[in-house]
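We just call them A, B, C, D, E and F in the order they show up, numbering each chain from 1.
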């Protein structure tokens, strides 16, 4: 068994693992019945799934002779940006009151998202469902 | 080697199918909503899955050409997520 | 004098009175008179040639290919009319100088008058029927101006419009007739046409041509049923009426009938149409004239009647008829001009033209009385005056004319018409000048100065002179008649004399005069009868028709063009699909030449997503934010599709453009309603869906057709693939096409982007300066806003990620020539990086720290691209010719330097500048008055509580 | 290599960003550069016209790639005449914009104006269909900017519709281009002309649909009914000098139809035979009728002029649809005429607006400069309604003459003449309402808006009228030239071989395909 | 000298990061490319430093690496856990919870890394910050003992970050 | 595969057309975007469909997809982006001025709705 055969097997395995995680992430997205819990599945399970696919891509490139590391960069971007996306979506959920009201913070007055400008207090409606 | 390649081909098909399924299911969530948070989340998931698709297409076609495409999706995909979320949070996305 | 000069003098002279306006009224009139006199004298210089029977010609090519040339001809007929036009014109000018009041713009009046005079002279001297048409329509136009000269009078405006419309209609019909005539003969030269009588009358198009040309003549000469416009043109100042209705405009139709007489007359059609029209007009107008109380209206209808008389004479198609017609034209011009001018004098002095308010002026205005009496008696056909002579000839001709197989019809009607004619002439004299002097004139009438009475007096001299010594006019009239007849008939031998013996015409004449006197005796009962009789009012009918047409036009056009874009789009879509369908159905299709590729699961999944998102978008488009998300998915799927089908550059571009577009739409949606209300009916939605499905089917069919067939030749891109590296120095063929093979397209494309940004900026500026500004500043958000404008996580991430993204942008830019990428994508990436910073820390904070004005970036980009292109000129190559070389500077590897990269840099800068300027403009609209610019890049920063000692520098130093 | 032919594109394209960069806040400098640029363009255009007057074809290979692989600019009699016409029009429009101060009522007028010129001139010169699309877009987007220049609700609303309609048009253009490339594998017009002759009788749907889609694209630009709906409000709401400049834009569509349907899809080409015979001429006749009926129906002077533009385009299209040398010659003559007349009328309406504050066709008090404005309007109306002596009448005669021999000659004559009459009535009603009825109004209201337009405005409007006069006086020469042009168009082989056979970078003559 | 250095290299670590990114982008290591990357790594932060006004002090890259390895491991482990939860735990038995993490960290960069870590390790999402930035709101997907989760975050991540961003 | 692409073009065209015919500017603009996608794919398809042969020259590779339509589509994408930005801005300007985002001109309500007729 040469190195590239191993790499090919590894590619296949990474692909399978990655696909598995991707599908689990999406199942979570579909299955959970609360916006906040839904948020958990794809933003992270999906991320690791794609990470695996990238790993597969790397090993595959390695198997076909031209080693490649730049997929790492993609992975890094994903890992850096995923929390921001999650954070914003969570803020949307909190702001539009579509999740359980969070407990008060221990030290400060309120959560930053809920600190609506005074001007807006009387405004109703908007993009809410 | 042939068995390895065979496995790889099977794995590729499975990857394609699951990514495709993932897209379809995310689409279902997007349509169902019910909250904008869910919809943005579904979009975000679809963008990431699309990235996965491009990566797997790259493996399948054996070319490195798609690196830039995937890099762009990874790098900029979240921008639209943030923009949409900011729109709901603030209305004005640049303020 | 050259014929050109005779025609040109009035036209060029028309400039003078307008310019001389400030020099005074006499100067205006003087210069006009001089111009007119010069033309008149010029005409007289040609008298010898005309008398000797020569035809004077002048020719300059104008549009030879069309057959429209400046060809002028002076023969007896032309001379006769030109003489009338210019001669009476001189008298009119002199008269008008005294007639017009101080409030009237003299220069304007004489300018119009000279234009009109020139046009008339042009008509009678034209040897080219197209040229004649031009002058013909010019008389319509200039008379429109003259009739409407007193702009404050509604009658003037209406009369002018009516005259223009009626005579314009005739003119247009005549265009058709003349073109047919020209086609039959193969030339538009009158001299050629007049020589082809048989050819013309044998042509199947003779009758249409005849009808069309006669339409022109009848409208111009106010023949029944187009007679109604003439009286309403009386709203013009009297000099105009006198000129238009005695000597000129209305005679144009007669002139043309006479001109065309050799080729058009003599056929049953001509005879039937022309004679009938003339006869009816003569009788009808005479009857109407008798019951008109307005002096000028009476004269106007009498003109119509006399024109009918002349028309009838021309219609008979005999040489004698033609001669009588010419003679009567001359006579009518003299007495009618004199009468109009006298009517003007009465109006001028008594301040009314209403016959019922006049009477008894004989003693108050003796000079005028004499003039009017002589002229009117001439018109009535009293012997020793010139009217008698030609009327006799007319009656003589009538006795020889059989219409509709009834030999008595024409003589009877002619006598009847003459009877009424005599009657209104007697009324004119009797009711205005005879009878007791009244004491209720609106003004005290007295004879005017010689300036006003001299011109009609001169004409009356002719009236009497010819009447007493007809042989004086005979050679001239025969000369004219000869040129009317052309070679088609002999000039009649008959002599012009007062006494012909006891011929039927004499009895008819006597009957007419006596009958006229009797009619005057029973005038009042006749008037009551007339007033009681219902009769259509032409003006009302005409106005009603025009109004109805205008209303119909409005009904037709306005609702169709009411700004309903959706209907426009539906109509357009249907038209396009229908035209495409027609092309498809009428063509042939062979079997496919390419085999279908099997669909892979991934393609099917992508298709499902795309279709799902599209359908979702259509179904849920009322939720605007959701529809934005969905369009994002469509875009995402399209870009994945591009990647799948071997187009990485496209995939990248599509994806980045998608991101920017969504940002842009979100910026706009902030101001717009967030939902689209349900407004359209079900029926309408069904219609739209039908159109949409038709369009979809069309594009599907087309795409499917092409996808399964090869092009008819090798695509030109084979060359691009083969020479991309060799000649363009790049391995990314798409990029080489963009910056080299088809760099010019790209140049245009960045300019489009640059313009888009400029436009958006300009509109923002305009909006922010206009009434919208206050509304924008005080705008209330339409949704409750969350706290934390600039979340910490985003800000921190941006600090690290933005430089990395910029670097990736740079990388994509550099690699573009050989790998997927290029200036455009790089530009978008950099823009998104900057937008990220805007979204993180806000507009004010970010832009306050921005060093480069986006205007400058766009300008620099477009300039760099342009200058790169121009650079090639300096090595003698065409615009944008690329060159490249490979250089090696340690420690770097060998790398390529290409001018295409410089061009791409221009692209890059334009894109960055354009995208940023647009986004910035959008977000400037969102600035509110109640907002203070944030001082810090993030709202929440716990480290601000105990800042490190050396970080206390103010954050906004650059503002 | 003679670079003059690209100068009409590059000069404004460089001048515009320069104006943006250097003179953004100085209207005086902008005006100076803008006028200087147009004057230079005029000299260049004249030079080009002279160069091609002997029938030679100017070819310019962009990036030095031979056609059909690269983009080429081609100058022949037709394209250079259109360039000259555009530039001459532009000069007067620009003078008007400066004189009336329109250029200072919003931002970036001069830059947009230059870009607009670039787009129009490029469209006339390019020999490549996709490049034509690009120039269409350049001229369109600049026109959007100019159209909404100075803002205002009505204008913006009309602007939205104008942009949307043209976006649909651009989409259609791309469908057409995709079809053409899919069918023939080329985009160069001359090469396309060669390739379409290879299409056999057994497989014509592809090229037929492509040809028809292209025709429709140009028909939208040329405002042929029923694709004309974009025109009335956008022209009426546009600032006057802009609307005047737009007078040439409809001609871009007409130009493209002439070019494409004489060279690429000539009437005798079997594959595309019988395509538009059925409907183009009727559509043109309906356009003529609708335009002139619109003149009668309009309630506002600017709308009236806009409808007259539709009508005059109908006339042009009637002549074009004959697809005979005589028809094309007449059309080209009429194009020159109607461009000048339409532009003049838009400027004159603005002179009216200057004194009157609105253009409603209702009686209103007299206004400043009435007599002179009335005189100009009278001349413009005569020209537009096709009354003698101005070139409208001559053009009408040419069209009527060219129609002889057409199956629809009776229809053509009747509709041309009747619509002419309707137009006359419309113009007469409007003119007497605006210029005559105003005299009847009480003088007490005279104080309202008695601004007198600037002298430069009169110079510009009067200049266009005098060009109309020149077009009339020299009608013979003009028509002879357009006749030569038409002959050249119907014998395009010199054009085609010049374009296709000239070698470029890495390609020898007759190499490639 | 120091001032010149700060002017030239406002964020030295960013320069290093960019050089690394450049090298990765090229997908091959050569002296020329690294030098070029370094040049870019100097130019870009210099150009963007206006938007990163206050240079963070006292960052310890070494500890950051060990921290990253721990987090990476946690991510892998927890991913499996979450996947298990997604697949097996029905919605009715799911016990999501909000937890409030009082913060000892003060630097925005540190807080951001913490929040990011929390999100990346499955089962928890950092949802919001309190209005003064002294508490972090975290959502837990499934837990019986929210306090334990909070303590673990504080001990396992926040303590380490405090050292890294000292 | 060809069928998929062709139907996708057709469906996007249909969807786009339907939205273009709506009454408010926002859906109309989205419809235009959809139409733009359709036409871009159509233009792209004029080079026919090839999988796995991007037009990036590689040693030893001879099959490439047609690069020209790609370049054309790129140009078209850029231009339509500019156009979209412009139409959005103009539509926004029109809305801000009149507080009305109808695409069609609205009939004068002042004439048609006489008020106070009790």
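As a convention for this text, a contact is a pair of C-beta atoms (placed from the backbone, for glycine too) under 8 Å apart; a residue touches a chain by one contact, two chains touch by 3 or more.
Just so it is clear, the model here is predicted, and its values are computed rather than measured.
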item: Farthest chain relative to subunit A (centres taken as mean CA coordinates); value: C
item: B-F or C-D, whichever has more C-beta pairs in contact; value: C-D
item: Length of the line joining the C-alpha centres of subunit D and subunit F, rounded to whole Å; value: 27
item: Between subunit A and subunit C, centroid-to-centroid distance (C-alpha), Å; value: 66
item: Centroid spacing, where centroids are CA-atom means, of subunit B and subunit D in whole angstrom; value: 48
item: Mean-CA-position distance for subunit E and subunit A (Å); value: 15
item: Residues of subunit D whose C-beta touches two or more other chains; value: 130, 134, 137, 141, 144-145, 148, 151-152, 157, 160-161, 164, 168, 175, 178-179, 181-182, 187, 233
item: For subunit B, residues contacting two or more additional chains; value: 17, 19, 21, 33, 36, 40, 62, 64-65, 67, 71, 75, 77, 82, 86-89, 91
item: Multi-partner residues of subunit E (each touching 2 or more other chains); value: 21, 25, 27, 115-116, 126, 129, 131-134
item: Contacting residues of subunit A [partner subunit B, same complex]; value: 2, 4-5, 8-9, 11-13, 15-16, 18-20, 22-23, 25-27, 29-30, 35, 38-39, 42-43, 46-47, 49-50, 53-54, 56-57, 60-61, 64, 66, 68, 70-71, 73-75, 77-78, 81-82, 84-85, 88-93, 95-96, 98, 113, 126-127, 129
item: Subunit C-touching residues of subunit A, taken from the complex the two chains share; value: 77, 80-81, 83-84, 87-88, 91, 94-95, 111-117, 119-121, 123-128
item: Subunit B to subunit F touching residues, read off their complex; value: 60-63, 65
item: Residues of subunit E touching subunit A in the complex; value: 21, 24-27, 75-76, 79, 82-83, 86-87, 91, 94, 96, 98, 100, 102, 115-116, 118-123, 125-135, 137, 139, 141
item: List of subunit C residues in touch with subunit F within their complex; value: 562-567, 569-570, 573, 594, 596-600, 603-604, 607, 610-611, 614-615, 617-618, 621-622, 624, 627-628, 631, 634-635, 638, 641-642, 644-650, 653-654, 657, 660-661, 664-665, 668-669, 671-673, 676-677, 679-680, 688-689, 691-693, 695-704, 706-708, 710, 715-717, 720-721, 724-725, 731-734, 737-738, 741-742, 745-746, 749-750, 752-753, 755-757, 759-760, 763-764, 766-767, 770-772, 775-776, 818-820, 824, 911, 914, 918, 921-922, 925
